[in-house]
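Here come two complexes built around chain A, the first alongside chain B, the second alongside chain C.
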Partner chain A sequence: MAAFALGWLALWELAARAGWISRLFFPPPTTILLTLGRMLVTGNLAPALALTLYRLALGVAIGAGSGALLGWLMGSSRSVRLALDPIVTALHPLPKLAIFPIFLVLLGIGEASKVALVALTAFFPMVINTLAGVQQIDTTHWEAAANYGARGRALLQRIILPGSLPLVLVGLRLAVNGALMVTIAVEMLSAREGLGALIWLAWQTLRTEELYAVLLVIGVLGLASNSLLELTSQRLLPWKGET
Partner chain B sequence: MSESALLVNHLAKTYVSPRGTVTALADVSFRVAAGEFVALVGPSGCGKSTLLRLLGGQLAPEQGAIEFPGWPRPPKRRLVFQEHSLFPWMTVLDNVAFGLEMEGVARQERRAQAMAQLTVMGLADFARHYPHELSGGMRQRAAIARAFVTQPDILLMDEPLRALDAQMRLVIQDELLSLWESTRPMVFYITHDIEEALLLADRVLVMSGQPGRIREEIPSPFGRPRDLTGRTHPEIEDLKWHIWTLLEQEVKRLLQVKSK
Partner chain C sequence: MQITYRIAKYLKVVLAVLLLAACTPIGEPATPTPAPVLVRVGVLPFMSNAILKIADAEGFFVEQGLTVELVPFRSSNDFVPLLLQGELDVAAPALTAGFFNAIARGGNVKIALPLTAFTPQDCPVVVVLARKSDVEAGKYASPAQWKGATIGISLAGAQGLPGYVVDLFLRQAGLTAQDVTLTALDPAVQGEALRSQQVDLLYAAEPWITRLLAGDDVVVLSRAEDVAPDLTSSFMVYGPSLLAEPEVGRRFATAYLNAVRQYHEGKTPRNVELVAEYAGLETELVQQVCWSDIPLDGAVNVDSIMLYQEWLHDLGLLDRLLSADEFLATGFVEVPE
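Right, the complex of A and B next:
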């Protein structure tokens, strides 16, 4: 696998340097890496990365947090579920980026509208997975819990939260991935700083090696967040056997 | 104490579904005394589980009544299920301590009690394991421990050994009897295994289904304390045959209905 990737990169390098493909649109990998190094040392990459991470983290915290809370509430109360399920189902498939202009009108062109859109993106997978997580708790476990006297807070803490956790964490992973995508997209649309803004600027000025360098950073970011969540899952779910 | 009992009077329960009304139980009456071990046998779908959930308070009766005369306080009723009833996200120790936890027993105290119960049953080494790391038989024994450690007045068991193989059953039946002998709760034990019912219980209630009702009540020929080593008794084959004749027609009818 690694050998295949390296071979592909070597071919790209060779093709670009030999002029078989356009160096403007496909700069050789070594150039991209050098550009990345230069941007890290001198340029605005670090502050852009920090700003993007900040928007992502804040959006996920607000969106996924409220999503999980609502999911648990819907899972615990039939009436809340019946009232809110149609609304969630109707709003979920809406492309979040299409709502961005409305957020701009409501919240202005500052940080609020961007973070709100990221939060909304993180919200839906979290509600849906958390609710599913509560609903997949086995009937026997509900019965056993009730028979041994679990209700109210004890039921929430000992049954509903841990029982739904596997799917909550799946929801969180989907939320983070969706949120990262929307963060970058929103920055391309309307931000002057951030990784998305850097990509757009690089494209408009045709500095494609910078474009690829930022893409590389975003790729690593996605990889890192997913590995972190995977590790967290394994730590939090020792009771999930290897399957 | 000798007067306290479980009294079931003309109990009935129907389920209403879009496809019609199903009478699960029709006019079921019986009495179980405190400290008595009673088994209920019947074919699949005769309303056994419905009856158990009514007794456990999970379902409300439609007609008739379930009474608990003679108890100083409402008796503590605890269920043991068929399988997979341990909470997979808790260690065996926390599972066994769960009932005590819900009763408000302090952490150290409930862990000590749960550990003592596990030690009695030879499961102490698995206290820190999660249920998925245990065999089916061990899981079911831990589920039995979870019920016994709460010292219930009434133990309601819903075919607890159903999912286990015959050899495991023999061993766990023995263990169950000795656990019961040491604390003597009232046990209401549902099974479809006629022999198991006769081996464990003082009395066997034979139930027929559609709608469910008690057909006959049969005392077990074994005395107490009971030693299952030989598992034979001059009367046992006759009794098994007798119970089977009560159930045979219905099981055959059930199969015909299904093969149509």
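Right, the complex of A and C next:
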């Protein structure tokens, strides 16, 4: 795989240098790497990355946190599930970016509207996976808990949380990936800072080497967040083994 | 002897044919009808771009032997790449740093015709708006009082022509961009942002100006034409295909300028109908809004572009400054001296 990737990059480099492809739109990978280095040292990449991470972290914390809580609630209570499931099902497929102008009007043009959209994106995969996680807990566990008189907090701690955790973590992974995409998209739509804003500016100025450099950073960001979640899964679910 | 006779006989036949041809009455020189040339034009749903609809609907393109396909886009952001790739032949991209950088890096696109210009006229097309209550309270009695204000501007505009115009406003008062906060706004929410005090001032263009002024709680503070008179603010840009075929480029320019002449007849029922249909606006609104000026003579104000280019360069957005020859195509329009 690594050999294939390196070969592909070498071919790209050769094609760009030889003029077989447009260097304006497909600058050589070495140029992209040099640009990335320059942006890291002298440019505004670090503050942009920090701001994007802040929006992502805050949005995921709010969205995934509330999604998990609602998922557990819906999983534990049939009446809550019956009441809210149609609403969740109806709202989940709505294109989040299409709602952004409404958020702007409701929450203003500052950070709140951007973070709210990221949170909304993180919310749905979390609530659906958490609910599924509770629903797939084996009935014998419920029966055992009932026989031992487990209720409320004990039921949550002993049965619901550990039983649903594998799917909760899958939901968190989906939530982070979706939230990252929406964070970048929102920044492209309305922000003057952040990685998405850098992508927008790079395209506006047709400095495509900067565009690819930022895309590379986003790719690494996605890889890092997924690796972190994988590591968390291994720590919290040692019995599941490596997924 | 035999051979000489045969040659003489052959020459007589040739001579006869030539004489016959010479005596044949000559009518109009046969001009083969050129096959219609397909020209793909990238267009935006802006009122100014309706000039192309006029040219199309009134048959000005057909008169020039052109089959024009108007390809609709939501944003001009991709026009320059699509022109360079040959997907479009003509478009009206926003004159961003990307346009100049594309040329600096070898891209073959050039400004061929003016679209809109900040010509001083009775009504403004691009303005800075403020809340009426603030103006009545004397908050912006002088431009220096803009200091510290939050100005709403389109996202694409901050590092483009709108940002430049705002900078010109600020310069009048001895201010710089560091003295204000520019906030990127979607046009759909800009009025709400101004009214709810999320921004103090708003850079706006028609038809949004008319819509916002209808509320009677917003007023025009400054007009773009006052700080950048006669600036050519948008352009028709030719891609490599039309630059390589000057004759087609000239025919397109002729059709375009015919449409401009009709456009200059003003808000006639026909023009209003075409503009409204093209931009998807109500007829009443199209009648109310201020129409941009489109220069009749097809002349581009090169000096204004050079100044704008220098501003982009000072912001560090340009690879280098271009000479006018590099970004302006000549010869498509006969511009009077």
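Heads up, the rule we're going with is that the second predicted complex is superposed on the first by the 240 of 243 C-alpha atoms of A that agree within 3 Å, B and C clash if a C-alpha of one lies under 4 Å from a C-alpha of the other, contacts with A are read in each partner's own complex, and residues count from 1 in each chain.
Going forward, contacts are C-beta pairs under 8 Å (C-beta built on N, C-alpha and C of every residue); 3 or more make two chains touch, one makes a residue touch a chain.
Because the structure is a prediction, the values reported are computed rather than measured.
> Fit or clash for chain B plus chain C once both are placed on chain A?
In the arrangement built by aligning on chain A, the partners chain C and chain B fit side by side.
> Is A:56 touching the first partner chain B, the second partner chain C, both, or neither of them?
neither
> For the superposed arrangement, I'd like the angle with vertex at the C-alpha centre of chain A and ends at chain B and chain C, nearest 10 degrees.
150
> Figure out whether A:120 sits in contact with chain B (first) or chain C (second), or with both, or with neither.
Neither: A:120 stays clear of chain B and chain C.
> Applying the document's definition of touch, where does A:101 land relative to chain B and chain C: first, second, both, or neither?
The answer is second: A:101 touches chain C but not chain B.
> Please indicate which partner A:154 is in contact with in the superposed arrangement: first for chain B, second for chain C, both, or neither.
After superposing on A, A:154 lies in contact with chain B but is clear of chain C.
> First (chain B), second (chain C), both or neither: which does A:163 touch?
Touch partner of A:163: chain B, not chain C.
> With the two structures placed on a shared chain A, what shortest C-alpha distance in Å links chain B and chain C?
Superposed on chain A, the two chains' closest C-alpha atoms are separated by 50 Å.
> Considering only the contact definition stated at the top, list the common interface residues of chain A for chain B and chain C.
none
> Quick check: in the complex, which residue numbers of chain A touch chain B?
Interface residues on chain A, with respect to chain B: 138, 140-141, 143-150, 154, 158-159, 162-163, 165, 237-241.
> Applying the document's contact rule, which stretches of chain B touch chain A when the two form their complex?
Against chain A, chain B makes touches at 53, 56, 58, 77-79, 81-82, 84-85, 87-90, 98-99, 101-103, 130-133, 146, 150.
> Contact residues on chain C for chain A in the complex?
Residues 77, 80-81, 84-85, 96-99, 101-102, 105-107, 152, 155-156, 158-160, 182-186, 188-189, 192-193, 196, 198-199, 317-318.
> Which stretch or stretches of chain A touch chain C in the complex?
Interface residues on chain A, with respect to chain C: 22-25, 101, 104-105, 108-110, 189-192, 200-201, 203-207.
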